[in-house]
Structures are given as C-alpha cells and as structure tokens.
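As written, the chain order gives the labels A, B, C, D, E and F, with residue 1 at the start of each chain.
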Amino acid sequence: QVRGELAMANAQELINKINEKCYLKCVPKPGARLESGEQQCLSKCMDRYMEAWNVVSRSYVNRIQRESQSQMM
Amino acid sequence: QVRGELAMANAQELINKINEKCYLKCVPKPGARLESGEQQCLSKCMDRYMEAWNVVSRSYVNRIQRESQSQMM
Amino acid sequence: QVRGELAMANAQELINKINEKCYLKCVPKPGARLESGEQQCLSKCMDRYMEAWNVVSRSYVNRIQRESQSQMM
Amino acid sequence: MSQPQFSENDQRELAQFLEAENAKARIQQTVHSLTDTCWDKCIAKVNNKLDRSEEACLSNCVERFLDTSLFIVKRLEDLRSTGM
Amino acid sequence: MSQPQFSENDQRELAQFLEAENAKARIQQTVHSLTDTCWDKCIAKVNNKLDRSEEACLSNCVERFLDTSLFIVKRLEDLRSTGM
Amino acid sequence: MSQPQFSENDQRELAQFLEAENAKARIQQTVHSLTDTCWDKCIAKVNNKLDRSEEACLSNCVERFLDTSLFIVKRLEDLRSTGM
C-alpha cells in the first residue's frame, strides 16, 4: 500500500509537470477549444518529457551508484 | 473558526501573489522610495489581479459543475 | 539541538539557491565536464550570492527594527 | 482533563463540515495556481480595466489547461492499456 | 516509559526558546525568498565584487518590496471598509 | 481498540522497508526537479524524437548540476576552515 501511494504520487507529479511544461509550449494562445494541432503538439511534448525523465533518471541513478562505489574504495 | 482560518489563508495567498506579480510589473528598478507612478501602477495591477482571480474562479467552478453533471447522466 | 537543525536548514537552503541561480548563470551549455571557466564563474557567483544574502538580511532586519520601534511610540 | 463527548450524529456532521472545508481549500488553491499561470499568459500590461479579450483569454486559459490535464491523463491510460 | 518532569518555570523558558527559534526560522526564510527575488532584479552579471549600484539596488529592492506589501494590505483594508 | 502486536523482527523489517521507500521517494523527487531544470536548458522545441544532442545535453545537465552542488559544498567547507 505504501508502494502504491508512492507510485501514485510519482505519476501525479509527472502529470503536473507535463501539464505545466507542455501547456506552456503547445498552447501559447488558448482559444475556444483545444485545436488538433495543439493536441498533436501535446502528444509529442508528453512523449519527449517522459523520455527526458527516463534519461535524467538513468543519469542520476548511475551517478549515485558511481559515487557510492568510489566512497567504499 | 476553521472557516476563519481558511479565509485568512486565502487572503494571505492572494496578497502574496499580488505582491510577487505586481512588484515585478510595477517596480522594475526599485529606488529610494515607492514613487507615485509606481503606486498608481500597483493599485491598478492589484485591481486587475483580483478581477482575474474572479474570472478564473468563476470559470473553474463552472467547469467543475459541468463535469460533475455530465458524470451523473 | 534545535539551534543546530535551524542552522543546517538555513545552510541547506542557501546551498540550494546558489546551486539553482549560479548553475543557470555559469553553465548555460553543460558539457562533458565542469570547465575551469565555469568553475571560476561558480566561485564568483557563489561569493556574490552570499554577499547579496548578507545585504538583504541586514536591510530586512533593519526594517523590522524600525517598524517595531515606530509602533511602540 | 476530560475529552468532550460527541454523539455519533455530531461526529458525522463535524466530519462532513471538515470535508466540505477541505474541498473548498483545495478549490481555492487550484484557483490561485490557475490565476498565476493565466495571468502570465493573458495580461501583458496593466490597464484601467480587464478588456474583453483579456477576460476571454483568462477563461479560455482555464478551460484549455483543464482540457490539457484530461488529455494527458487519458493518453497515459491509453499508453498503459496498449502495454507500452 | 515515564515522561520527564518539567517545572512550570522550565516549561515557560522552553516555550520562549522555541518561539524565538521559530521567529528566527521565519526571518531566515523571508531573507532567502527576498534574496531570490532581488538577485534576479539587481544582479545582471557576476563581477569580482558587488558594486555600489548593485548593493543599493538590493537594499532598495528589499525596502520597496516590503512597502509594496504594506501598500497592498492597506489598500485591501480601505476597499473592504468602503464596502467594495 | 487493541494495537496489533509485532515481533521485534517484524518491526525491524518494517522499518527497513519504510526507509527504502523513503529513499526511493527522495530519489524520484530529485529526478522530477532535475528533469524540470534540464528540460528548460536542453529542449528548445518538441520534435518527433529526442535527438542525440538533446539526450547528451540532458545527461550532461544532470552530471554538471551535481558537480556544481559538490563544488559549492566543498568551497563552503574550504571557506569555513580558512576561517572566513
């Protein structure tokens, strides 16, 4: 249950960040509806943001592991 | 008493946001005193911010109500 | 012990702010390593930020004292 | 010190009241955050009145932001269900 | 487990100490937030020393920010008392 | 209401589990914050794929940000030990 809450919090934070960053990039002038061009931009932006999250996560975890190894030597 | 605290927290947050946004807009180069032109700008900015808050609040509450109605159908 | 925690929290917050502000200013295009020019910039930026913190702190404490004196008269 | 005694009925009413106040606080917090975002998007300079286009921009900004939020959540679910 | 016993005097001193530490923490938090705002307003590029105009800008930035805060609170009270 | 009884062993395992979950939550929070910073630094416009230079920028951005953090902490310690 703790694990579930953690995953939820993580997904929620990811959604909030994507919302903030991609709304800024893809909907510069909000109109009467979400245009199809804006929706395509949001889809792409969302995919890129999740890729970026993965790259950052990988780099960060690698770094932590390198540091903890070098401390043990 | 809970209600009072809520109203207080709401007013405090509004004051903080107005302070942040309007100081940025109206006092680009802070001088030895708050000039009368800057004070006029602050008054206007404050009124506009509170109007904006009301427009946003109305739109948001409308949207919540529409969504909760469409879910009940 | 409370005092120690407070000093720690204060130092940590200062480090976070310097990290955020000076990384933004000094490392516009992160490369394969922290270049010596970037390191020099970070040193200077860090010193300036701490000076700025001191100026702001002094001004703020002065102001609080002036206000509390004028209220007592 | 003795605890005050509440009937079950009192307790239920208190819980409802607190829940309603909580909901109100969450709504106000969202309104603050939306006003922050939409102020930056819609208000370039401060005039004597919000003009019609600024007001329309603010209201569209709220609606489209919430659309974006729904769009993202729905797309995440689609991606998950197609097993990506 | 037994609670340690404090005299009323000890308790009062402890409460005063904690209150003072709280006040210090709030002041430090405000200083962090003001430094953040005023750094962005006053420091365009990083030199070998804060020059006089940057230092004056920082100090004015703090004073005017607090003036702005008082101005807003006072005006809110005026609006309320004239029944708007 | 009676408290459930845990053996000392259960308690130790529970504490370890919670500690590990806490560490995971802190790491995820740092990843969110680094992604925020590095997205703004590295992604100017949204393409059909992260290209090589964007990916390198993101990874360098993380590494240099952490270097910066270590640099600051180390320099603070040096300043303190030389008595400034």
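Simple rule for what comes next: a residue touches a chain if its C-beta (ideal position, glycine included) is under 8 Å from a C-beta of that chain, and two chains touch if they have at least 3 such contacts.
What you see is a predicted model, and the numbers here were worked out from it, not measured in a lab.
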Mutual neighbours - chains that touch subunit B and subunit F alike: none
Centre distance in Å when subunit A and subunit C are each reduced to the mean of their C-alpha atoms: 29
Inter-chain centre distance, subunit C versus subunit E - centres from mean C-alpha coordinates, in Å: 14
Residues of subunit D whose C-beta touches two or more other chains: 61, 63
Residues of subunit B whose C-beta touches two or more other chains: 22, 26
Chain order around the ring, beginning at subunit C and proceeding next to subunit F: C, F, A, D, B, E
List of subunit A residues in touch with subunit D within their complex: 11, 15, 18-20, 22-23, 26-34, 38-39, 42-43, 46
Residues on subunit F engaged by subunit A in the complex (per definition of touch): 17-18, 21, 24-25, 27-32, 34-36, 38-39, 42-43, 45-48, 50, 55, 58-59, 61-63, 66
Contact footprint of subunit E on subunit C as seen in their complex: 2-3, 6, 9-10, 13-14, 17, 21-22, 25-26, 41, 44-45, 48-49, 51-53, 55-61, 63-64
Subunit C partner contacts - residues on subunit F that touch it in the complex: 37, 41, 57, 60-61, 63-65, 67-69, 71-73, 75-76
